Amino acid sequence: MEELKKAIVEFCESGKTKTKFYFKDIEKAVKDKVPGAKTLQIKKACSALINEGVLIYYSTGSTTMYGLKGKGITEDH
Amino acid sequence: FKIKHDIPELEQLESGPWPSFVADAKRYALRRRKLGQDNLLINQDVVEDLLGQVELSYVHGETHWKHGGIVGVIGYGGGVIGRYSDVPEQFPGVAHFHTIRVAQVPSKFYDTDFLRGLCDLWEYRGSGLLNMHGSTGDIILLGTFTDQLEPIFQELAQVLDVDLGGSGSNLRTPECCVGKARCQYALYDTQEMCYEMTMHYQDELHRPAFPYKFKFKFDGCPNGCVASIARADLSFIGTWRDDIRIDQDAVQGYINGEFPPGGGSHKGRDWGKFDIYEEVINRCPTGCMSLEGGKLVIDNANCTRCMHCINTMPRALKPGKDTGVSLLFGAKAPILEGAQMSVLVIPFMKAEPPYDNIKEIIDKTFEWWMEEGKNRERLGETIQRVGLQRFCDVLGVPPAPQMVKEPRSNPYIFWKEEDVPGGFKRDIND
Amino acid sequence: NPMENRVTDIGPRHYWQCFPPVIQKNYGKWDYHEILEPGVLVHVSETGDKAYTVRVGGMRFMTVEYLREICDIADKLADGYVRFTTRNNIEFIVDSLEKVEALKEELGKHKFVSGSYKFPIGGTGAGVTNVVHTQGFIHCHTAAVDASSMVKAIMDGVFEHFTSMELPAQVRISMACCLNMCGAVHCSDIALLGYHRKPPAVDHEVLEKICEIPLAIASCPTAAISPAKTEDGKKSVKIKVERCMFCGNCYTMCPALPLADGEGDCVVLLAGGKLSNRISPPKFSKVVIPYLPNNHPRFPEVVEAVKQVLEAYAKDARKYERLGDWAERIGWEKFFEKCGLPFTEHLIDDYRLAYDTYRTSTQFKY
Amino acid sequence: FKIKHDIPELEQLESGPWPSFVADAKRYALRRRKLGQDNLLINQDVVEDLLGQVELSYVHGETHWKHGGIVGVIGYGGGVIGRYSDVPEQFPGVAHFHTIRVAQVPSKFYDTDFLRGLCDLWEYRGSGLLNMHGSTGDIILLGTFTDQLEPIFQELAQVLDVDLGGSGSNLRTPECCVGKARCQYALYDTQEMCYEMTMHYQDELHRPAFPYKFKFKFDGCPNGCVASIARADLSFIGTWRDDIRIDQDAVQGYINGEFPPGGGSHKGRDWGKFDIYEEVINRCPTGCMSLEGGKLVIDNANCTRCMHCINTMPRALKPGKDTGVSLLFGAKAPILEGAQMSVLVIPFMKAEPPYDNIKEIIDKTFEWWMEEGKNRERLGETIQRVGLQRFCDVLGVPPAPQMVKEPRSNPYIFWKEEDVPGGFKRDIND
Amino acid sequence: NPMENRVTDIGPRHYWQCFPPVIQKNYGKWDYHEILEPGVLVHVSETGDKAYTVRVGGMRFMTVEYLREICDIADKLADGYVRFTTRNNIEFIVDSLEKVEALKEELGKHKFVSGSYKFPIGGTGAGVTNVVHTQGFIHCHTAAVDASSMVKAIMDGVFEHFTSMELPAQVRISMACCLNMCGAVHCSDIALLGYHRKPPAVDHEVLEKICEIPLAIASCPTAAISPAKTEDGKKSVKIKVERCMFCGNCYTMCPALPLADGEGDCVVLLAGGKLSNRISPPKFSKVVIPYLPNNHPRFPEVVEAVKQVLEAYAKDARKYERLGDWAERIGWEKFFEKCGLPFTEHLIDDYRLAYDTYRTSTQFKY
């Protein structure tokens, strides 16, 4: 789990201009980094990071992405 | 009573017989003033400011909202739609105007205790404006500030015993028709199934990991009163596989004019005496009905269960007793590739608690779509992109002519290497 | 710790506790129904019980004050229960005809000071029921037109069909404020659609700050958006206008790309869709008027057009024949003729599956 | 008689009632041997070698021809299809096996003088094998050597008074149904028009400048005996715009069984007594017929001229007298985007010599397609790519509901800048 | 100068000189027709004249010897004229019944030594007329299957329907040897199609010499071809096999990319198309058997399949109902059931307009 979380955070930090990511992109990056990682586990890790306040959801209403709290667009734009 | 802004355009909507949302909003604005800011956590002028901004929109012919992506309640990826005014200086009451989607009761029956509780909560912590209901079926609480989101969420859950609905790349709040609660046509228990599926897939509903939104809707029969075939990624529609039950005496009753055809649906106009040929037999799309020796005969093998005869003579005809659901996949609105209706993939399945057979199909669908679907690609688009037969493979459902209107007319069959004797590799010198 | 004692994932309220007693008792036992008069249904159970429903037209955009008024009526005359339909009507379900009479009387008395009904009875059978619709200027950021006002104007215009059952079949009218089409506008007898007709304006000044450029670019289904730089070196985007189909996807992703334009935006009228499988399979609505002005708040042209289609249909169609089935039986040539609508090039499909709509036969009517 | 190669597979095709091309070819091989090489410019064994190669193909399940692009007659870009054997050592007689497409007589009537002349020419300078006719309608002379092409062409032209047909990126040989020559349904003069258009567009036929092939076909009526709707880039189909002519006495004749329905087309089976409801009135696709007081009534405004009633009672019903053609565009086989049928673009046009009105349309079509069409893109594909309305613009034809089965269901209208008040440019600060 | 005295651009022969006198005289004056018996028609003119037509089944692939035999008969009994139909049948048109009788007698006498008819009379009305077809192994380089042999086998198999008129309506059978479909296979009651099922083999040794590589690459509609180099440095191409739809376009452009493969190639059976506008508009044939073996020369499986479809149709359809109209009326589910054909995944469209063929309704038959 911790390994997955780390991989997620690393991936989210790696974006140059991008700060919000689709789950699928996170999933792909994590699977590359942590061979054998399962989609469901990655989702759980994301949820955990959300609950810890590391990640935030970014929702257009129709679509949801994940981003690091404090990076890129925030609610007070 | 004059509200704080001039709203001549809106006031044009106070006349006319249909209920006027402007009249309603104005009187409620007055109530909020009377309540006073001390009894309200949101600006007491919120309704007046909303009306003012809408008035401005009418004048400009343009909306004055901006999208706001970050807001939500902790741990949920859906249920809140962030919204900000683009003219907050003029209308500070609606500077923030987020909505909260509250899960409706399946089939939307309510006791007044609950509704009153909801009203009190929403008046105190929100604008007091709401939709009964949104297009997906949720109760939409329209307009509050960011800091109220979390308290509202917890008060809903802890006091009113109700959760948020869906938004974003989630399972959306499932919706069902009135079904067995008040409809003789219901071919399976829409409420029960809707409730069970909602509970079973709570995590999918609140924590987004899908490529895009996903909707379930439950229609009790092919009449489609919850429009599942047009609006759900997975449409459950009741059907049967045995014979239509006929009460020949009641058929005579209709012929003799004892019962109104269509359950009285055409009472307002004189359409003449009921004519069973004109109104039923010749309208049957498959031509599988006839009157033989005064008795109505249905060739059930050729009936497509369109419901017309049953709808028209509800006292005489009833669907069969061996009932279940058809599963159709992939409906959506036109973004991006044009609207789609759901496609019949599983013609018949029994639908009985705990619905393990159906959950298995759903699980396979989710798993495959999460793997195969592109970002912002609805299930129906994924199916269209890879081909219906691939989706059948995934579900383990054998291809059947029931899935298509007609077989393909182009011959471009993508044969797989293993289908062709000798495979694809060959020596040029052969 | 904000997470402490939080309650999550409890789902909706269970339905059973919300059912009036007559529903609980006869759940799954209904034998047949009859519409006694517009807005009043009786469902007869195998047990002999009867459930009477009084249906009233609902504004789905309401205040808690209005909802409390509904509760008051329900408490007084309907045992404390109320239901909403899939088309946002309000239903009071009771177990006797006397209660129906009492309800009818009570409901008729509730009016707004400005004169409109609060609870008009109707919406059943072969008539026009409530217009399903969306947010419009009340809440949405992509709306090309307002929703609640147009619905009010239309329902005022066709009110007599709400309270009567004189049409050949049910006519379902829907409204969506942009082509996201939140609802079943794509499968409605008559549908109104708010439509942008200008490509997004680019707010170069702020774009870089409030948008993620890669997301904005990726959002466009026709690949009309590409990266650009302003003269003073700000990162921004440019739009290939001839590619733009005005879908608004980019604006969802990037608020610096607004499409709305009071002058350009319009209303599209579609017709002939349906959802039920009765007689004919469900079908899509077809665009029959490509442009109507977005004349807030009463949209006289839109209301007129709706009536025009409705009356032509009412006059000409057969009993049980839905609007789309009628159009197909008489042929679309005749549909335009009978409705008095011009046929314009905009009505010919040129999107993805367009070829399937072209006529490849000599069968036509002059 | 044994031919030079063993052909046991082919010989299986000598039995059975249907005419045997193998038996025909074998006896002709014998004739060629008897004629001897001195009387033949092409290998006397050409037929035997052809049969030998075909036999080999049956054994392999594979063709043994190679494509041969360069050959042709001087100055023409079409009319010859080059072909080489890929096993010329085994079958030297067919080492070259080019075909020549000879323009058929419109509607394919012949006097025997011409045919005999053709036979003599082709026996002397070719294989003596031919197709009456190819799928486009040409006479196909199958198999000769490169050096014979030019002499054959000039002998055809100078002695037999006939030209080559089309191939390549040309106008292809136009084709028409039997029409007024022997059909009472012909609504315009198919032979006359086919001939005139062929002559008028000779240059387009012989000298390729199109993006791809282009075909005209002329059907005298909606029965479509020359299949134009499926096979022609521009399909001319006869139609009328006044009323169907009814001979009420003859209608009675049919009802009374005096005349065979369908002109006797169903004589082989006992279908029971003619029933005008079952066979005509209820089968009318528009439901525009009725019997009133014993008289047949047609609501012509709702008739779509499908021909069914006329075909079924040819003595009683005749098409109207104000006749002309419908122009449909764009049919083609499935390469590349799937098959297309022609699309109705011009519902009605008078069709009388010199057909200037129609030539104008054709000229506009050619001009536009040569400008707009991509390489190897058929007209139908170009229309599909740019949209039917653009093509209407080009022809100057106003859009009409007759052109579509139904209006578009997606709202993706590509508004042009000039259609929208204020245009597309605007200031963000507005 | 080879251009000297050359004659070009003279077009076809004029039709008028090829008409028998009865046709010249009554051109455009025909009043009605009747099929007297299978293969014999009479057309009656307003002038009172009658033209009798005797139609015989033609092999369109013939020798000059056979064509001369036709001329002999025409000279002897039909005033020296003959006609060919759009489906490659042969017609003798005369002006009296006596001449018809004489023709019938004469034609019956002509047989090949091996026993088959040279000039079988028939092909009219509600029966099976000649199979239109293409070159096959006789002349074409892209053929997946032979044509003339399959047509002979089929016509032998359904011969009784050529000489009778016992079917519900006309049944038009067509055949094309590859998916270029030279003919109207795409709109036939029953159609047979030769089909490659293997991507092209690449002849790396010669490709560079005999093909223009850019042309070969550009020819592929699915962009399956890309440039490559062989180990010994020759320029060549490679094929992405999972993209290939076996269309053969590349082979037309480049003979070093042959598709044909005796083992893999097969026959596809389509059904339910039509060309006429009678009752229903023209429609496309649908693939109903994705694979039948290419069993030269008599294709027993193909002949059997054709008969199976034909007999199911003959038994079940209504008078005047074309095969495709029958299938649509009873539903394709029942079509497969009644014809005894399995439904396989290959029959579900997955090409460009595929979505339009999916069933979006609950109306189906078990």
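Note that the chains are named A, B, C, D and E in the order they appear, and that numbering of residues resets to 1 at the start of each chain.
Heads up, the rule we're going with is that a contact is a pair of C-beta atoms (placed from the backbone, for glycine too) under 8 Å apart; a residue touches a chain by one contact, two chains touch by 3 or more.
On a predicted model such as this, the values are computed, not experimentally measured, just so you know.
Chains that touch both subunit A and subunit B: C.
In this structure, the chain pairs A-C and D-E differ in their number of contacting C-beta pairs, and the larger number is found at D-E.
Here the spacing of subunit C and subunit E, counted between their Cα centres, is 51 Å.
Once the centre of each chain is set as its mean CA position, subunit C and subunit D turn out to be 49 Å apart. Separation between the centroids of subunit A and subunit D, computed from CA atoms only, is 62 Å.
The set of subunit A residues that touch two or more partner chains comprises 51, 60-63, 73. Among the residues of subunit D, those in touch with two or more other chains are 222, 229, 285, 305-306, 334, 338-339, 341, 409-412. Residue numbers of subunit E whose C-beta contacts span two or more other chains: 179, 186, 247, 261, 263, 277, 282, 284, 351-353, 355-356, 360-363. A complete list of chain pairs in contact reads A-B, A-C, B-C, B-D, B-E, C-D, C-E, D-E. Only residues 22-25, 27, 39, 43, 46-47, 50-51, 56-64, 73-75 of subunit A touch subunit B when the two sit together in their complex. Those residues of subunit D whose C-beta lies close enough to touch subunit C in the complex are 222, 229, 237, 239, 241, 285-287, 301-306, 326, 328, 340-344, 347-348, 384, 386-390, 392-393, 399-415, 417, 419-422, 424, 426-428. Residue ranges on subunit D touching subunit B, taken from their complex, read 334, 338-339, 409-412. Subunit C makes touch with subunit A in their complex at residues 3, 180, 209-215, 252-253.
Those residues of subunit E lying in contact with subunit B across their complex are 179, 186, 193, 195, 197-199, 201-205, 241-242, 245-247, 258, 261, 263-264, 268, 270, 272-273, 284-288, 290, 327-336, 343-352, 354-366.
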